[in-house]
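Chains: A, B, C and D, in written order; residue numbering restarts at 1 for each.
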């Protein structure tokens, strides 16, 4: 559906890691960013929003970190592995902590369940990229 | 592939416009943002990058405007139609101008061809949302 | 305090509008973005956060639109007036609507009073840029 | 000039670290983000842009990481130290690597000299926050 893989394949340079690992992580980052933005908003719309403040806050952090990470991984030119490892590693932390919080509400709030899923996928995709970069 | 529609359906509130029109625009915005970020980078990697400065610049503008628009449309709570019309309308302009520029290079640069496609889809999706909001 | 004016003066190109009008708007955009991000968080920390949902939402929109606008105005290369007018104009709308909402709470919430001030300054700075671009 | 300190002082909560250390870092992050966005554009406007591709790329990464970090540190509610340490630490890395690259061009390009300065200030401010969070 997205143009991620097509953009990687038409780029004149070489991707810094395997194109499947890379495209999966870029897609997961932008999907997680969108899910977290939506989950923060959905939490705010709940009658007991006051009890969801930690979830909203972590969603806002995770959304921005994921978007930034997805963009950094999209750039191939003069790719710097040290910066990438630090940022993608931080993204995995943000996704784990946000995913844990969303999971706590997953039973009675569907948006938290879906968002936790997006966080888990992104956390794993980030770990895969970090592992590839270290190799 | 993305969780956009699932997040809309599990949100406790009502979407401001038809959920298909809305989810298509949110997805198009984030896809266009990613394509433009990639196209700017690919242009920078080309041997004749110096001739692609206008394309790079418009890509950077379009990427940020699309990401911001996709996030604004993701938030349903206390949706403000006036702000939305202004921002989504500006996004349609950014997509049109960037798409026109990418199209000029589409014949000899595949990444510009793909990016122009993403811009066109996003421009149309934004116009559909603006039309729905005006209705 | 910021390096905005120094960066404009060391840029090899010409700014699209008067450098004072431009630097004031770039600074106002980033300051307003930061104030709105802070105000959304402060509202969320209030005991009656539930009554501040509209303020939080508009703060989140305004923060992103201002950041995007400040970045677009920072780029001078191949400046496109049509895109700029649309985006900076949309930013003025976002600042006005968010500033109006913050003002409604300004009497009993100091962060809303300060944020309203940042919104007003940014709205005016955006209007000044749009007027210069139209000239 | 900015409203950062005033927003911290009118926030109903307690800042996660000393308010001077915090406000300095938030201001440094947004200032560095703006300088990097400007430096990337100035590099693109140089006649020998082709030799500045690594500088442009690192500027784009650093700009986004700094903006995200400045926003994360602006949010006080339910502040999560683990996420903050990872993100602010990654920001210090991005600033160091970008500052090193800008410094290489500082002698013949004024915008790189100014941008290197903004990167150094932000790197140090991030380290100060990380040290405070660890305490």
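Quick note on the criterion: contacts are C-beta pairs under 8 Å (C-beta built on N, C-alpha and C of every residue); 3 or more make two chains touch, one makes a residue touch a chain.
Every value quoted in this text rests on a predicted model; they were computed, and no experiment measured them.
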Chain whose Cα centroid lies at the greatest distance from that of chain B: D
Centroid spacing, where centroids are CA-atom means, of chain C and chain D in whole angstrom: 19
Sequence positions of chain A contacting 2 or more other chains: 41, 44-45, 53, 57, 67, 71, 75, 77
Overall pattern in which the protein chains touch one another (line/ring/star/complete/other): complete
Partner chain B, residues of chain A touching it in the complex: 1-4, 6-8, 10-13, 26-27, 30-31, 33-35, 37-39, 41-42, 44-46, 63, 67, 70-71, 74-77, 109-111, 113-115, 117-118
Chain B - residues contacting chain D, complex: 41, 44-45, 49-50, 53, 56-57, 60
Chain D residues within the chain A interface of the complex: 53-54, 57-58, 60-61, 64-65, 67-68, 71-72, 75, 77-80, 82-83, 86-87, 89-90, 93-94, 97
